[in-house]
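Both of the next two complexes hold subunit A, though its partner changes from subunit B to subunit C.
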Partner chain A sequence: MQQYIIRRLLVSIPVLLVISMMTYGFANLVPGDPVSAMADPELMTGAGGDALRERLGLNQPVHIRYVIWLREVLTGNFGYSYHSGEPVLKVIGRAVLPTVELTSVALVMSVVLGTVFGVVAALRQYSLYDYALSVAALFGVSIPTFFFALLALYLFVAVWGLFPSHGMSQAGAEFSLVSNLHHLALPAVVLSLDSMAGNTRYARTAMLEVMQSDYVRTARAKGLPEFAVIGRHAFQNALLPLITVTTLRLPFLFSGALIIEFMFAWPGMGRLSVEAIYLRDYTLLMGLTMIITALVLGANLLADVLYAYADPRIRVRG
Partner chain B sequence: MNTFWKAPRMVLVCIMAVVAAFLFLAACGTREVVKEVPVEVVVEKEVVKTVEVPGETVVVEKEVVKEVPVEVVVEKEVVRTVEVPGETVVVEKEVVKTVEVPGETVVVEKEVVKEVPVEVVVEKEVVKEVPVEVVVEKEVVKTVEVERPTEEKVLRVRMANMPPGFNPHTGGSGAVTITLGWTFSRLVQPGPATGTWAPDLAAGWEVNEDATEYTFYLQKHAKWHDGTPVTANDVAFTVRSLLNPQSAEWMVNTYASVKGAKAFQEGTATDVEGIQIVDDHTIKLIMERPNVTFLDELVVVAALSPAPILPEHALKDIPDDQLFEHDFWSQGLMGSGPFKFVSWVPQQAMVLEAFDDFYFGRPNIDRLILEIIPSADATQIALQRGEVDTTVRGGVSLAANKEFFQDPRFDVYGTQAGLISSYAWNQRIERLRDPRIREAFWIGVDWAKICDRFYGGLCNVKGSPLFQSFVYKPEWDTRFAYNPSRATSLMEAAGYSVSNPIDITMITRPITNPDYRAELAVQQDMLGDVGINFIVKEQDTAAGQSAWYDTYDAEIISWAAGQGSEPGVFLLSNLGLTGGENAFGIHHQYPDFYTAMEEGAAIVDRGERAKFFQDFTETWLWDILPWTSIREAARVKIQNNRFRMPILGDVPKPSRYGDMPIYPIHAGRDDNWIYHMEQWDIRQ
Partner chain C sequence: MAASGAAGDVAAEVEQAPRRGRRRVWRRFRRHRLALLGTAILVVFTFMAAFAPLVTWHDPNDTDIDALRTPPSWSHVMGTDEAGRDQYARVVYAGRISIAVGLVAAAISTIIGTFLGIVSAYAGGWLDNLIQRAVEIVMMFPTLFALILLVAVIGASVWNIIFIIGILGWPGKTRLVRGQVLSLKEMDFVIGARAVGAGHWRIMLIHILPGVVPYVIVAATLTIAGAILSEASLSFLGLGVRLPTATWGNMMNAAQSLNVLKNQPWLWLPPGIAISTTVIAVNFLGDGLRDALDPRSTID
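Take a look at the complex of A and B:
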């Protein structure tokens, strides 16, 4: 297993390299650059930004800039944001925490509740509960997140006034955990709905399949209590597809949820990424891309490793 | 029998757990209310009466000690000379010590020394709390003054977005300049009500007869937020900094009229020749040539606020080439304006607080919190719930505006020309050079109908981009009135028709406002009827700007430049040549156009200047038509009516939305937002 992990990590290096080249190249192909994004074109006086371009190194050819960027990244220097002048890692670090807070809560809710609902629906197949949960799950995956966000804003904020409309805590006040959780609740629930619905369907399908397998029938025939049949034999096997789905969603923990961040004014990686694209902040954009790419590769590896642990049939062959 | 998986119960338990957690958060996380604990000031008044009965003679002495600090020994020495007629002279010296210890113990010490000349008898008597001979009366009056609890005045302002830093050297965006206007001083500030410039950091200024020298007299008591006095050196530093090509690229035009600016920018001079520091609070800026519009030039790039004055002592040690990236602009802002920078968390909020030593007096508002809320829906709800008081950049939909207009809790008003729309044409493109096409494009759309439908009637069609200037003639409004038959004729004369339309592509920023998208669809429909296929291409700022300024391949763009009152400043800054190039591509066809503009801008007499630019509009501008379809709409402002902005007075509330008050502006689109902020108030 150790060798397998090392091999996968080594394979990740060229993948990262190719992705970095492609991102850098495409970002620079898009019209405009950080300087042209700095001043509002409506307010421009026509004064050239060539001196600024030169000082920022933007007058160099793209491939030279890429090599310089890569050389610095290999020494751990991800560069500075063209617009704020802050180190890229600092800017990303500031956005990562709110994102992780929001997405991890949403992910946990969606996995736990989605699994429970799916398993329950499977165990009570064709019951009223199964139908209700299936319909709810169908709505969950069909209706876009922004609609739920608008609905939540309208009902829970505008009509009932139960939650604040924006932000991750009260601006200008000392940080308070209660205030933070109060601000978090609504966006986290809305964010979790989509994947919760998906998990419910996955869990239901997986559980139904497992419940009809021979070994479950054998376990029952042996006279095992239902608790052991379901908990030990069925549920553990039904977990496999959920592990895949969940681990593949792990990068989402860090990449942010743009729509929710926008609707609830939640600071995070989603808004930061869009801002970096709009402002042509190449260094920030590259920093974000590299981190998210590394997370995706890491999540894939984790999924494979967890699979091996969850399913005894899967073993690495040296 | 399934004994464990009680499915219904499990579902119910899960749902109830989620709902319970949800409700718990809803309940426990009530909005924080900051209450000030009443301050108690205790004034202690103590009266001590000492009655002494020394044998036969009754001496009553009263000593009143007021506001004696606790644990302080008060010593009183009384020297008395008593002359007994006949033989004896008695000299008596009496020392009374009153020692007060917090709590209850009172120790009174009395020492009496008597001197008898014949036989000197020294008597020493120490009395310590002897109730018979010394009566100590202590009366303690405690007055508790309770200050009226004052609620901190906090103004919460919403902005839709904000760049991560606030560097004025590159800060061309309105959001940045308005924020800088709250924290930094300007030499002068635009006076929206009067349409002139008003004192700011410069308490006064003089312009010599031929407008070649501007002398600014700075506020004597102006201080930076760290307490350092603001001096003329700071102004000189600012001029140099904003002219320095190492630290500033966009703002080079701001002080470009100062004598020696060009040589300094090009590196052939080490200083700007036109800066003369007269004394600590007086600075003279000498112009390269007569310039009546220098004050207006200070607002050209900033658009909303004249260039801020920067603190020399905080910035002088930062190398020029590092000034741009320095975190002073994001985390260390220090100005001399009404509000002090406290914190800025990108994507979240900026907190400012009142500057006690502001030269116009401490602002009434204690804290100003700028919240970044990108969503118009969340903004609408935040306003309705009182989570924010107003929104300064980025509004809500027309429907929401009308809803707020009906709500008695809100003041809804417009600022003149808050939304300026026009189309700027790239005349490098051969087929767009025909002025008939541009005129047909303008008069082929019923702008009055669009104003009524999409702007609630708060919109006017204008015949010249100089509509904010003193040169504008009201009759120009109808110069390009809707005339579809003439538009069709013009297009036919140019070789186009409904069956053979011309494609004209406009670049605009990504449209987030559905009202605007609908408005564009109406324009496309109307233009289609006169033989123009109007194509709208949405591009972000960087791409659009690159197409317009760098590659020159954009055909037309939507244009909303701030105007200002001086026609020469507006025209030269928008149509002027930079490096021999012009963004509109009209310099090759009309070389004399630029000479004429410069001549007009240099006319010192205001009346003559007005006459010149009126003629200029009716000849040059209407012939060349660099801009078409010019209209200005009021920018609708919504603010909770507990927030008072004195310049607005009591905002009237007419019954019709279209009759809402429209406030004038002077130099920018929102200059009431940067005018005497110290006078703003929150109604308690």
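Take a look at the complex of A and C:
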């Protein structure tokens, strides 16, 4: 297992490298540069602009800048935000925890509730419950996240005033867990809906497939009580593919978080990305891309390890 | 003589098979009521978008400074927006963009995905390896993040957005097609075709491609839904199609103000319902097609 993890980590290095090159190239093709986004372009065409460009190192060709950037990243220096002048790692560091909090709560809710809904629907196939849940799940995957968010904001914030509309906690006040959870509830639930609907559909299909398998029939034939058949034989096997599906869904969850953080002014990496695009803050954008990619790679690795542990058939070739 | 008679029977049988298959597909599809409903909704929406000038009474971009953000009335059935433009006309015209984005982007990603999937599985070796690593990298990257980045680079015109959504959507299809082709290429008819000297391209196009078409159609349908949602999200963030061109996404951008959200629901509810209905209809259609086309399905 250890060797397997090490090999997976080694494989992630070229992936990170390719993604860094692609993003660096693309980010530098963006029309306009930080200097023109920072100040009136009319004022910055002359010597002042050139001096600023030179100070920021923008007068070098792209590939040179990339190599310099990469060398610095390897020593842990992601550079300074063009916009605020703060170290990129510090800016991102502030945003990592909020995003991890939001997405992990949404992920857990979507996996647990989605699996429960899907399994129950499968056990009562063709019942009214199954039918209603299937339709609800289809609505869940179809309705855009931002429309759900608008509906939630309209009902729970604008009309009923039950939840705060933005931020992570009471502005100005001291941090409190209660206030944080109060702020978290709405964005986390809205973010989880799309994945929850997907997981429901998936769990239902997986469970239906497993229920028709020979080993479930065998378990029934040897007279096991129904809860043992479902719990031990069917459910555990249906759960396996769900791990893979959840991994594949992580990038989508982050895409959703991008919108949700933007709408609820949640101070995470999604909102930071949108701001970095608006401000053409290349260094920040590059740092964000690398950190996001590393996080997704790490989550993938974690899921693979989980899968290997969960599936006794998998004998990892070490 | 007898031999040629038998061959003739086989030929007739082969000729009838696709027709019988199609009839069975239609029978299965017809039984899926929600799929029929989805198809009907899509036909109506496409018709309205295509003949937008005939079903609306205002130009979608005409501003009226005497009627800013007016609630629904007889002359403006869905009210007007912040520039006094007719909301109903904008919702209908915006459908053109969403439907075009969905269809064209799905076509692009399906063609790329199918081609790479077939080549990957058929060629095997280093090419297969290369394509599969590319699939993994693209799949791992959050689509919306990549979309925002690329659109910022090449500019937010409708065609650029269609193109980018199209080229970001292929990995799923590649993986799906590859899986099918891996088993298809070991089939007797492929080995037979190779034995009589058919070239690689001929085998891939004539012998293998038809076998993956049912799966590809279902995946392509679901891709349409994804593409429509991607464009809407992008435009909603204000990074997609620019005003005054109306899209369902950028129309809802106005609702980011809590005041608009609360007091002018006609500004964001109609486009939100339009996009949700369209995507639900596409997904209904996709589900129906899956049940009808799946060759392994035992429902008759």
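In this section, the second predicted complex is superposed on the first by the 299 of 318 C-alpha atoms of A that agree within 3 Å, B and C clash if a C-alpha of one lies under 4 Å from a C-alpha of the other, contacts with A are read in each partner's own complex, and residues count from 1 in each chain.
Simple rule for what comes next: a residue touches a chain if its C-beta (ideal position, glycine included) is under 8 Å from a C-beta of that chain, and two chains touch if they have at least 3 such contacts.
Owing to the predicted nature of the structure, the values given are computational and were not obtained by experimental measurement.
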**OP:** Sticking to the clash and touch definitions up top, decide whether subunit B and subunit C on subunit A clash or fit.
**Re:** clash
Original post:
After lining up the shared chain so the two structures overlap, which partner does A:Ala158 touch, if you call subunit B first and subunit C second: first, second, both or neither?
Top reply: both
**OP:** Could you figure out whether subunit B or subunit C reaches more residues of subunit A?
**Re:** B
**OP:** Go through the superposed model and pick first if A:Gly198 touches only subunit B, second if only subunit C, both, or neither.
**Re:** neither
Original post:
Given the touch rule stated above, what does A:Tyr80 touch, subunit B (first), subunit C (second), both, or neither?
Top reply: first
Original post:
Just subunit B (first), just subunit C (second), both, or neither: which does A:Gly118 touch?
Top reply: neither
**OP:** Would you sort A:Ile230 into first (subunit B), second (subunit C), both or neither based on which partner it touches?
**Re:** first
Subject >> subunit B versus subunit C as contact partner of A:Phe262, first or second or both or neither >> reply: both
**OP:** Please indicate which partner A:Phe254 is in contact with in the superposed arrangement: first for subunit B, second for subunit C, both, or neither.
**Re:** second
**OP:** Once the structures are superposed on A, label A:Thr293 by its partner contacts, choosing first (subunit B), second (subunit C), both or neither.
**Re:** second
**OP:** Mind working out whether A:Phe139 is in touch with subunit B, subunit C, both or neither, as first, second, both or neither?
**Re:** second
Original post:
Pick from 4-12, 112-120 or 256-264: which stretch of subunit C gets in the way of subunit B?
Top reply: 256-264
**OP:** Could you give the residue numbers on subunit A that contact subunit B in one complex and subunit C in the other?
**Re:** 30-31, 150, 153-154, 157-158, 165, 262-263, 277
Original post:
Inside the complex, what are the residues of subunit A that reach subunit B?
Top reply: 30-49, 51-52, 55, 80-81, 83-86, 91, 94-95, 109, 113, 116-117, 119-120, 123-124, 127, 129, 133, 150, 153-154, 156-158, 161-168, 170-173, 176, 178-179, 181-185, 189, 225-227, 230-231, 262-265, 267-268, 271-272, 275, 277-280
Original post:
Along subunit B, where are the residues that touch subunit A in the complex?
Top reply: 1-5, 7-8, 10-11, 14, 18, 21-23, 25-26, 28-29, 31-32, 34, 154, 156, 163-165, 167, 170, 172-174, 245-246, 249-250, 252-253, 300-301, 303, 321, 324-327, 329-330, 345-349, 351, 367, 369, 371-375, 377-379, 381-382, 384-385, 387, 539-551, 557, 559-562, 573-574, 576-579, 581-583
**OP:** Write out the stretch or stretches of subunit C touching subunit A in their complex.
**Re:** 34, 133, 136-137, 139-145, 148-150, 152-155, 225, 229, 232-233, 236-237, 239, 252, 255-256, 258, 261-262, 265, 268, 272, 275-276, 279-280, 282-284, 287
**OP:** Could you please specify the touching residues of subunit A with respect to subunit C in the complex?
**Re:** 15, 18-19, 23, 26-27, 29-31, 135, 138-139, 141-147, 150-151, 153-154, 157-159, 165, 248, 251-252, 254-255, 258-259, 262-263, 273-274, 277, 285, 289, 292-293, 296-297, 300
